[in-house]
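To keep things simple, chains are lettered A, B, C and D as they appear, and every chain counts its residues starting from 1.
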Amino acid sequence: MDLTPTPEVTAFREEARAWLRAHVPARPLPSLETAEGFAAHRAWEARLSAARWSVVSWPERYGGRGADLERWLVFEEEYWAAGAPGRVSQNGISLLAPTLFDHGTEEQRARVLPPMASGEVVWAQAWSEPESGSDLASLRSKAVRTEGGWLLSGHKTWSSRAAFADRAFGIFRTDPQPAAAGRPHRGLTYLMFDLRAPGVTVRPIGRLDGKPAFAELFLDEVFVPDEDVIGEVGEGWRIAMSTTGDERGLTLRAPGRFLAAADRLVRLWRGREGGAADTALRDRVADAVVGARAYELFTWASAARIAAGRAAGAESSLNKVFWSEYDIALHETALDLLGADGELEGTDWAEPYVFALAGPIYAGTNEIQRDIIAERLLGLPKGRR
Amino acid sequence: MDLTPTPEVTAFREEARAWLRAHVPARPLPSLETAEGFAAHRAWEARLSAARWSVVSWPERYGGRGADLERWLVFEEEYWAAGAPGRVSQNGISLLAPTLFDHGTEEQRARVLPPMASGEVVWAQAWSEPESGSDLASLRSKAVRTEGGWLLSGHKTWSSRAAFADRAFGIFRTDPQPAAAGRPHRGLTYLMFDLRAPGVTVRPIGRLDGKPAFAELFLDEVFVPDEDVIGEVGEGWRIAMSTTGDERGLTLRAPGRFLAAADRLVRLWRGREGGAADTALRDRVADAVVGARAYELFTWASAARIAAGRAAGAESSLNKVFWSEYDIALHETALDLLGADGELEGTDWAEPYVFALAGPIYAGTNEIQRDIIAERLLGLPKGRR
Amino acid sequence: MRFLLTDEQSDLARTLASLLAASDVPGVARAWAAGDLAPGRALWARLAKAGLFALAVPEEHEGLGPLPVELAVAFVELGRYGVPGPLVETVAAAALLPAEHLPALAAGDLAATLTLPGGSPYALDPHAAALVLTVSAQGGLYAAPGHGEPLPSMDPARRLAVPAAGGALLATGVPTAEALRRARLLTAAQALGVGQALLERTVAYVKQRTQFGTPVGAFQAVKHRLADTLLALEFARPLVFGAAVTTADGDVAAAKLAAGGAAYRAARTALQLHGAVGYTQELELSLWLRKARPLRDAWGTPAQCRAEVLARYGEAGRTATARLTT
Amino acid sequence: MRFLLTDEQSDLARTLASLLAASDVPGVARAWAAGDLAPGRALWARLAKAGLFALAVPEEHEGLGPLPVELAVAFVELGRYGVPGPLVETVAAAALLPAEHLPALAAGDLAATLTLPGGSPYALDPHAAALVLTVSAQGGLYAAPGHGEPLPSMDPARRLAVPAAGGALLATGVPTAEALRRARLLTAAQALGVGQALLERTVAYVKQRTQFGTPVGAFQAVKHRLADTLLALEFARPLVFGAAVTTADGDVAAAKLAAGGAAYRAARTALQLHGAVGYTQELELSLWLRKARPLRDAWGTPAQCRAEVLARYGEAGRTATARLTT
């Protein structure tokens, strides 16, 4: 067991830290869920990318640094510790890009990844449909074969970023036969499409705080050329599942985010008059510190297992439940520390609190994650699902 | 809405308080789960009974005072506030007696109730069997018809008080046909039997702290005369269910117990050096006070509804879940307040803590109670059970 | 001793509920949040006509009260339907204001808001109040000459501003403690109603929403979570009405703690069990979802209420929180 | 950076596990509880032969250590099998004792118990220890001349007594903090093992126990409760091993907090899901059930650990709890 970084990793950390210290905007950007904030975040991605910090774990030819998992985790830690902006390209980088690496063609990677890395093209995800939340296999939106490509029709929802993004990716039913025969996971195909193509209507949906953090997409015979099909036609479910796995695992939620949040919480607590005497709040602040450390070390252990060639598997469900509940508890503690200001919309903690509330819902509800933990990690009998 | 007692109720309260103040043993009796303690508690019951305080809500002819629900609640409050001993006759008083009032004959009541009231005969319950915990309908112990009565055979377990008690009551399968035909709730009969009758073997079971708080009963053709059948042969399930309802309801857990426990907890907290500054513990002590008050008022509301002729019904499941989890939390707080002494077997809090731990298990597990709450009070679909 | 609502009290709840059910309160609340106060004021007038504010005012000043139990009954309904505005504050102000203001307040013609010494620096919705009151530590009641820019709360139907210092002295030696008790009790009642609305809507939703071919409400995890939500609300309810009966400070703090906590728990449950759809502003549910936490903290955070419960425990004349009787 | 047990460390766990699996530890623990120490001492000797105590002693004193990671690995197994006796205390004492005692300790011939300044007044199992140690606030190490009557703990395999004051001064200026760190870290490891044993046994039980015609483990409420138990243990585990690597006070306190809490939660879960049968002394399960809470509190209650975590947070040279690197 070893927690000492090599000199190379330390050098990498210092390089990242120095760049971030010099470049992170002194004042937070406007919310990325507004038109103005979206543009500001896109500009930030361009700056990150120009210095090759936007996608450190990608190969150099697509704009990355070929960093291994250890460096990626170190970069994320520094990134969040520096108070750098949220990543508007997150969906593309952590959901679509891994799929292209695994299932895309070289032509697709060369075409899609560099503008994703630079923020020139921002991607939205288009998984859910109104009747298919947790139950993704019941998707109905379809793609019908046409000359040189496919025509998409249907209704997607909870498409995060779609209010302002450029393109989207999702799975569509290209063959209705298997579903009719009781095999709904078959006959689905993974496609990329343009949110400004004819036939696309984007209706932004206001989040709890009113910001259009996601949108509904109404698709009416939207043309998608064959070059924008990822992997084999009809294999979309299998391909999407590996992508979903990533969303739940390391790629979305590096510990740096939570370490930085716990750090801010401690500062808030220490800055509060008479705060230290209140052991009830102290205990919750301590729990946030311990939780961030636990998540960090859990992630290092996962990274070491992955580096040793062992797959992550169902442990990513433990991960998802932990960070999503951790994140809410931390932000609730912050609001309580703020006292009468805790309910104000305008504090630094309000938007992240609202964002945290969604954690147990998206990327597989925590109810489903607990079923997976019980069945796959503990071997308990499958219940009705 | 009115929380003011009438002068008569206040006079009753004062009479009870005066008697208890004069008679409650200055030092706690030995644990009622020991032979010595059992005898001491039985003697206490005799004293209570001689002054007609053992069963205040029973008719006078059986040893009671014909007190209404309000007086009964007032008596319980005073009883526990006075630090009076646990009730060794509890099983008989709160489980068997209500059944006899509803389903017994006058001959049975006259014969059974007075010695129960005086502690001369202490009753154990004999519901569970090794394969039937929550699932009572799957009982296998049987009663076979014989000249003038029945012969009991089978294996009962978790029979609380049975290590030292005199008699027991339970349900037995008198007709195997309905169960074989898929109707296991039919063909059961409610019987009383003597724990010292030929054919009865009592094997005490040590609780977590080693005390024989319950026993297994091995029954081998134990004769029960017809006069000890309660209600109609074959109707035992229906009869037992109404009894189980009482166990979960008002009769077992008067708020006085929890009010007194919260009071002791506050005293422990106030007596602790520097305790008031520890808001984490303060908050838990406050929660105990609030919980006791909530339980008290909830009970008064139930009593008022019952007095107005409305049945308690599934709300008793709310009651059960509340007090059982409340009781554990309160005792955990007490142990934490005790610091290094918290783990000692010999403190005033150790035995009640161990006792509290059983709360969510017996009288219908809290999992089952939550199913009942969801299905009967909220109308959610029945799941697999 | 009969700890049950009287028929008249139950009738009051029904009357208000049917008035509110016919009033498109969600629309009123959205308009209020957008700064259009007219529909809210119209609703305020209808509530006044039904006797709401009169319950807070003594008979000699053209009121019917003060009737804390009836007020608690009413505020449960106000919470349940999500009525916006400084309702609690107006009723609390009735305990402080000089007699000449009370007939107007009883008639619904005087919306007031206030801060109290030692409490939050913010007054709720001062832009919607005819009187913005402050009380000095010495018990002087002032009509604030203005207030800071109203700041948006995470509940869009609430705005908060710090009243300007000074202003006209309206009265001296006012009963601050009584105003705080009222505000705390009725916020508790309102929170209870909010929690009830959240639970009702969530139960209805999980019965109808299917996933994996089954109503979501058939899953045991969903059932147990809703059972716990009901449990918390049903044990908060007697505390709220008990506090209305005794008006003991410890009881009021206990009621606020329990009802506020139960409402926030109901909000978390409602959000989780609605899934993504619950997370949107569009669904009516958001009206209550965003109200639960501010109400949990208004006029007494959980920590403040817990401290009060213990400070009052065993107070002379009230054994226990108060224990019912002596 | 490779935060994984080495093959040698995994082998150590396996070796100890098979030694313990073959040692009827439940029987040993029952005898220990009944005052018959012989089987426990025999097991102690076998563990010593496998190298357990040598891990705590430097090589120059006939040990192999100190090796905190290996000790943590070992104590997880000791907890998992429920081994009784002052094991943690003996390993902590190795940090304090003068060199002449260390070879005997490494060889398993010296069982010690101790109290440390500012901690619990009780020493664990002094009747079973050859040395009962106390440390003065000034860092003087004393061999207590005796101890009070050992008091039974709610865990029958533990007895507690207050060491007599005074006695022979064995050393001065001893590293109290290091002894506390060891005791706390290894109690955390032991608690983790206890939690793991409780979870393993409960999972096995609910697969086999049927009610209403279904294995109890198919009910979603049961599944989710066990999932949460696993979650708590699996996030405590990296804290325990991380603390063994960094030996930072904040990390050690975090590990103790998390592992102790997870073990107690596992005990509550195990009890509830076993139902009545879990509530009996007879079932082997009770061996771990009754150990979880004392271990949660020994050498640092949750409150003490939380205070320590924050006191150490951001300490110079260790960013964050400590943050891994700088």
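Here is the rule we go by: a residue touches a chain if its C-beta (ideal position, glycine included) is under 8 Å from a C-beta of that chain, and two chains touch if they have at least 3 such contacts.
What you see is a predicted model; the values in this text were computed from it and never measured.
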{"item": "Centroid comparison with chain A (C-alpha atoms), farthest chain", "value": "B"}
{"item": "Of A-D and A-C, pair with higher C-beta contact tally", "value": "A-D"}
{"item": "Distance from chain D to chain A - Cα centre to Cα centre, in angstrom", "value": "39"}
{"item": "Centroid spacing, where centroids are CA-atom means, of chain C and chain D in whole angstrom", "value": "50"}
{"item": "Junction residues of chain C - those touching two or more other chains", "value": "218-222, 224, 303"}
{"item": "Shared interface positions of chain A, touching two or more other chains", "value": "278-283, 367, 370, 383-384"}
{"item": "Partner chain C, residues of chain B touching it in the complex", "value": "1-6, 9-10, 13, 70, 74, 77, 259, 262-263, 266, 279, 282-283, 285-287, 289-298, 300-301, 303-305, 307-308, 315, 318, 321-322, 367, 370-371, 373-375, 377-383"}
{"item": "Residues on chain B engaged by chain D in the complex (per definition of touch)", "value": "128, 133-135, 157-158, 205-210, 214, 278, 280-281, 335-336, 339-340, 342-346, 350, 353-354, 357-358, 360-362, 365-367, 370, 383-385"}
{"item": "Footprint of chain D on chain C - complex, ascending", "value": "219-221, 224"}
{"item": "Chain A partner contacts - residues on chain C that touch it in the complex", "value": "120-122, 151-156, 158, 160, 211-212, 214, 218-222, 271-272, 275-276, 278-282, 286, 289-290, 293-294, 297, 301, 303"}
{"item": "Chain A partner contacts - residues on chain D that touch it in the complex", "value": "1-6, 9, 69, 203, 206-207, 215, 217-220, 222-224, 226-228, 230-231, 234-239, 241-242, 244-246, 251, 254, 257-258, 302-303, 305-307, 309-310, 313-314, 320-321, 323-325"}
